[in-house]
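Here chain A shows up in two complexes: once beside chain B, once beside chain C.
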Partner chain A sequence: MTQSSETTAEQSIIDLDSVESGTSLWEDAWNRLQQNKLAMFGLYVVSFMIIIALLTPWITPYSYFEQDLDLGATAPSAAHWLGTDTLGRDLLTRIMYGSRISLMVGFLATAVALSIGVLWGTVSGYFGGRVDAFMMRTVDILYALPFTIFIILLMVVFGRNILLLFMAIGAVEWLTMARIVRGQVLSIRQQEYIDAAITMGLPKRQIMLRHVIPNTLGTIIIYVTLTIPNVILLESFLSFLGLGVQPPQSSWGLLISYGVETMEEYPWLLIFPAVVLSVTLFSLNFLGDGLRDALDPKASRD
Partner chain B sequence: MTARMTSRHIRTNISTRLFLVISGIIIIAVSTSCSLDWESNVESGNRDQILHYGNGEEPQEIDPHLTTGIPEFNIQLALFEGIVSKHPSNLGIEPGVAESWDISEDQLIYTFHFRDNARWSNGDPVTAHDFVYSWERALRPELGSLYSYMFIYIKNADEFVKGKIKDFSKVGIKALDERTLQVELNAATPFFLQLLDHHSYYPVHPPTIEKFGGMLKRGSQWSRPGNFVGNGSFVLKEWKLNRILIVEKSKTYWDADKVKLKEIYFYPVQNNSTEERMFRAGQLHITSTVPNEKIAEYRKTNPDSLNITPYLGTYFYRFNTKVKPLDDVRVRRALSMSINRKQIVEHITKGGQIPAYTFTPPNTNGFTSVAKFKYDIEAAQKLLVEAGYPDGKDFPNLEIIYNTDESHRMVAIAIQQMWKKALNINVTLANQDWQVYLENETQGNYQISRAGWIGDYLDPNNFLDMLLTDGGNNRTRWSNSEYDANIAAAALAVEKEERFKLFQRNEQILVDESPVMPIYTYTRVFLIKPSVIGWDQNILDQHPYKYVSLQAD
Partner chain C sequence: MNKAMKCTAGTAEQYVLLQVNNLVKHYDSRSGLWGKITGNPGSLVQAVDGVSLTINRGETLGLIGESGCGKSTLGRAILRLHEPTSGSVTFDGTDVTKLDADSLKKMRRRMQIIFQDPYASLNPRKTIEDIIGTALRLQGVAKSSDIRGCVTQLLENVGLKPDHMTRFPHQFSGGQRQRIGIARALALNPEFIVCDEPVSALDVSIQAQVIQLLDDLKRELGLTYLFISHDISVIGYISDHIAVMYLGDIVETGPTKQILTDPQHPYTQALLSAVPRVDGSGTGDRVKLTGDLPSPINPPKGCKFHTRCPYAKDECQLKKPEHHELKNGLTVACHLVTGN
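So, the complex of A and B:
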């Protein structure tokens, strides 16, 4: 400190900064992420998609359901940048509205999976023993249920509802999350600071919330970025089967499944939604990879 | 070190080269063997007389007394033969099981003389008693045949169906001896002989039916491969659910010499695009339909394969008249008035279909309805205001069900939007599997359903009697006593003008009450390979397979 005060003013500021404000874990991660160009590209694309999805109603002059049967399917033009579908609806608008559904499904279903999975995994891992055995066997049993049949059953019982779709996908995706979190918690539980917390007489709930879960965050965030694309694909798959969103709404999966039907006559109906979906999925995967490297410096050093 | 490295290098090089050579040989061998063995279904079918037929849907059943659909009928036509059959192109009546028949002067009593070589596929002779048994089965209310109203022209049959008469011997169907069947009608029925070729009039083999649970058992195993016994030109060979149904030439069929096809493969390909690709790849001789968007392309590049012919059928929506708000006639009329049928046929179906403003297709056996459904958005809006839903306010959400099909879906989306625009009401769409869809429709478990009605015989009666109260194919739960009386009166009427006058009145009732909403008059649009011979065009699109053959290249 004294040494630094002897140097020139300009230098002192820089040095003071670098010394006094030691970088936190998050800043470290952020710095490392910024160096990963692919991951940053992913981050930009995903942010762009989210912004577009939020602003859709204000930036497109068309509606996603308004038909112009006399117009029919037209190739990309000045009026319709990505062309129109067979019912004369603007494809760009439908892709943008579709992104709202697809991204919403992606994020909401992941949020459902996240909350159930983290809670289940933490409790199971922390308590161990019989509780653990019981909770993990439950997960195993649910794993064994065939996913499609499970979703179809839910749809039959509760009817077609977009909220249900989120719940259904979330209810299936949490299983892996619970297993991963449990594994993490098992190792964290052995750490000295947990012993210290126990010794200090902290209640279990507080230990879990303040000491265990925050330390699993790195893994969780990575897994989340990998789950979102997964869920978007699942929605596509369900819509493809006619179980997901219903017309006239659109989602990327739905647009692609319609596009396939007419891919020889009107290829743009398949190409554009497919490109948008692929770019978004790649971006999310890049971002996920980047975050893994950034949040887990041990792995990146190897 | 270096020497060893090099030698290893050489060794790897050699092994790499060896690997390349071997794999090259394998690739060449495989590809040549492929090109030698590879033969499309159509090529091998042409050589072996095996017809590959895209049948659209998985059949619900093949029991002729329990089905109502066209995919099922396409199969039954191969497996059974009625008392008479139809000429493949002019649809004239041809001998079937009966080689001749007499009609009494007053046209009330038909006496059929069976040929002595008519045989079931197990070798038993087809007797008049078999027909009495079969028709009793079709009429027994306990079996619940949806087509039992096709028999009401026969004396006391209607009473038997409705349970007013319990004794079947009172019904006008009698076996005079093994080979003579006598049928007594209520009134002269000009189209009665045509009815006899309908699947509800097909015979079933009594010992087989009895063996698998008796006359009244639904879902019996008698119609499964191995158990099946029929009297048609083909016999059931294999049935893999959702994959294929194979029939092979029957050895016992009386006219077996004429039958040229050895086997027919029925493929339940639901997806139009898949079916079209299968056709292009030489997997199918005939498709059930053509994707709407591909019609123009085929017209241009491959007109020989494309077939667009008139087809006696109406594409329409059923309204379930017992659910709110469709129980209100004003709502039904408003819905029917606010769809632009012309746009639907021009921009969606694109196969030369004609917008339908009447339920019976125009010029059905000389009958064209005077009363017409209208396209009038303003009147529709007024009707909706009267019904208590001004500008669609508080209008409950309705659901349209349709069997999974790209074209049905597009039509439904267009109608959804037309209603939204004209009346500001919301409907949702639900696609269902063919069998589920039929079940829901029959049970009245729907609000609006997509439907098609294809003529079984050439008479307006065939369309109008579908909507009889409690008729198995009514399914709208709509009932109108005047309408029913008119159909009954028309069945007794002798003069054509008198019958047509009653039918005109019924068409007017349909327009006023709108239990159904006609959309377009069908055209038959399908793809067919030029090697198929004898697939003559007719307005009912019925093609007795014994006249069909395949031309090898």
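So, the complex of A and C:
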């Protein structure tokens, strides 16, 4: 008993000394992330997907729109690794082109949601009182707008446009982000280190940037990793309704929804896009989990 | 730090650094649309209810009272961390409550605070160098090499090793964290520090070290403290003067020695007699308080202490007692103590 407590005390001393080298928060986080195998797997998969998406036009021998009606739907073969669809188009090529749209929607719309949501939530939570009431009632009102009608209206007014799609999705997703961040900020606001910063005379903007927002990071990252898949699925829903991406362009959501129609005759048209989508979403979640742990300095001694 | 020593050490002339006049802090939940709709009157929490205090430069005023009596609120209202409802706080000739945002920012560097909870008072995502360095940068130490040097100096002053500066707060014990909090407060080179129960969250053995440190720093740097605590032995050790607070009011003030040996207000007597003694003496004449601290939402009329005072008279329920000075240097607010 005494021996074990001695060793733990010793270990903690050694532990303390080993942190001596001047590591920044980000270096530290990177080191910790590398120790998390699942998160690194996620990082590799996501990076791979992004690189493939970027290089698609140069690495695929087929085009995504040229049809070969004589060929029709064929099972995976040496010429068409993942087979062809009912119009004779190479499925792998279409998945690769689809990833360009899906990933772009996922990341850009989330980035829009993230920047508006964090800013809105932080200001609202930090200032409180009437500012808070006004900003949060605005969010409530926007929440009450039916999403689909909102998108249709946007399409009617501005015409169909992929950029508009990002904006529309971002404009909806930031509402939840703002609420989550505000809740976090309300509790951080009560911490004494905020009072300490005020007594030092640190300007409000800097208090928010240096003390408040960094402490909401854990929650934000988790929510971002939940939002990206959400947005990718939302895009496929919109495309399915004919409001998003239009054929012959493709996205993962679109490929899956067409795959469902012919699932009994040509199952590979559903299976391959679905697998790619799931693997990406899983990887994003693993990566998000890992990032949250890595960015929490308290986790470093575990 | 050396500069600070040159500037402030040895200027122990008796002159008033901080004067608090009739300071009031009420928390009002009565207004608002919801109250109007429902007709719910809400409540007015009278946390600090007209407090006047004087602290001389280089001295420590100990503020003592039960939990919930408004000690911390008073400390924060003085620094305008909580905006006072009314009254004035005069610091070195300037009324702090009337300062605009810019002047207040400058004034704040001269008035710092050490917090009670060493876990909530340090940002968990910042290294110690960051935490203390922010204060230095605000003070105008621009070059990063200078900042390192200053942080090293500050850490040594509070008894920590310079190589601690790259670590995060969670890697320290409570006592060490409190030392970091002290270093942060000192970084701005203040003249006045509110110590808001700085040792009550620490182990007893660590308490003594931290109090010793605060006392040493005060002497070296010529600091002035408002030392808030509910522990009379801590207060008795570090204070030059003591103010006893009850439910938002100061009931008795005076030099430490007089308060500890010859308290006049029944509440102070009760507080002192509640201190356990090892030798068993003083148990016979213990003044026992009955009941709980009344709510500051609807404090008792007249003398706020009359509901628990063993000597309360009819007068106590009707009239609020004035402060009057006694011959031995004490100032007491009690109808029973007239001083003549």
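A few points about this structure:
By definition in this document, the second predicted complex is superposed on the first by the 251 of 302 C-alpha atoms of A that agree within 3 Å, B and C clash if a C-alpha of one lies under 4 Å from a C-alpha of the other, contacts with A are read in each partner's own complex, and residues count from 1 in each chain.
In this section, a contact is a pair of C-beta atoms (placed from the backbone, for glycine too) under 8 Å apart; a residue touches a chain by one contact, two chains touch by 3 or more.
None of these values were measured; they are calculated from a predicted model.
Touched residues of chain A, counted separately for chain B and chain C, are more numerous for C. When both complexes are overlaid on chain A, the residue A:Pro248 reaches chain B alone and has no touch with chain C. In the superposition on chain A, A:Glu66 makes contact with chain B only, not with chain C. In the superposed pair of complexes, A:Tyr266 makes contact with chain B only, with no contact to chain C.
Of the two partner chains placed around the shared chain by superposition, chain C is the only one that A:Asp195 touches, whereas chain B remains out of contact.
Listing the residues of chain A that touch chain B in their complex gives 65-67, 69-70, 72-73, 86-88, 160, 242, 246-248, 260-262, 264-266.
Those residues of chain C that touch chain A in the complex are listed here as 76, 79, 81, 104-106, 108-109, 111-113, 115-117, 120-127, 134-135, 138, 163, 166-168, 170-171, 181, 184, 188.
For chain A in complex with chain C, the touching residues are 16, 19-23, 25, 191-193, 195-202, 210-211, 214-215, 217, 297-298, 300-301. Residue ranges on chain B touching chain A, taken from their complex, read 272-273, 291-294, 297, 340, 343-344, 346-348, 404, 406, 409-410, 412-414, 416-417, 420, 428-431.
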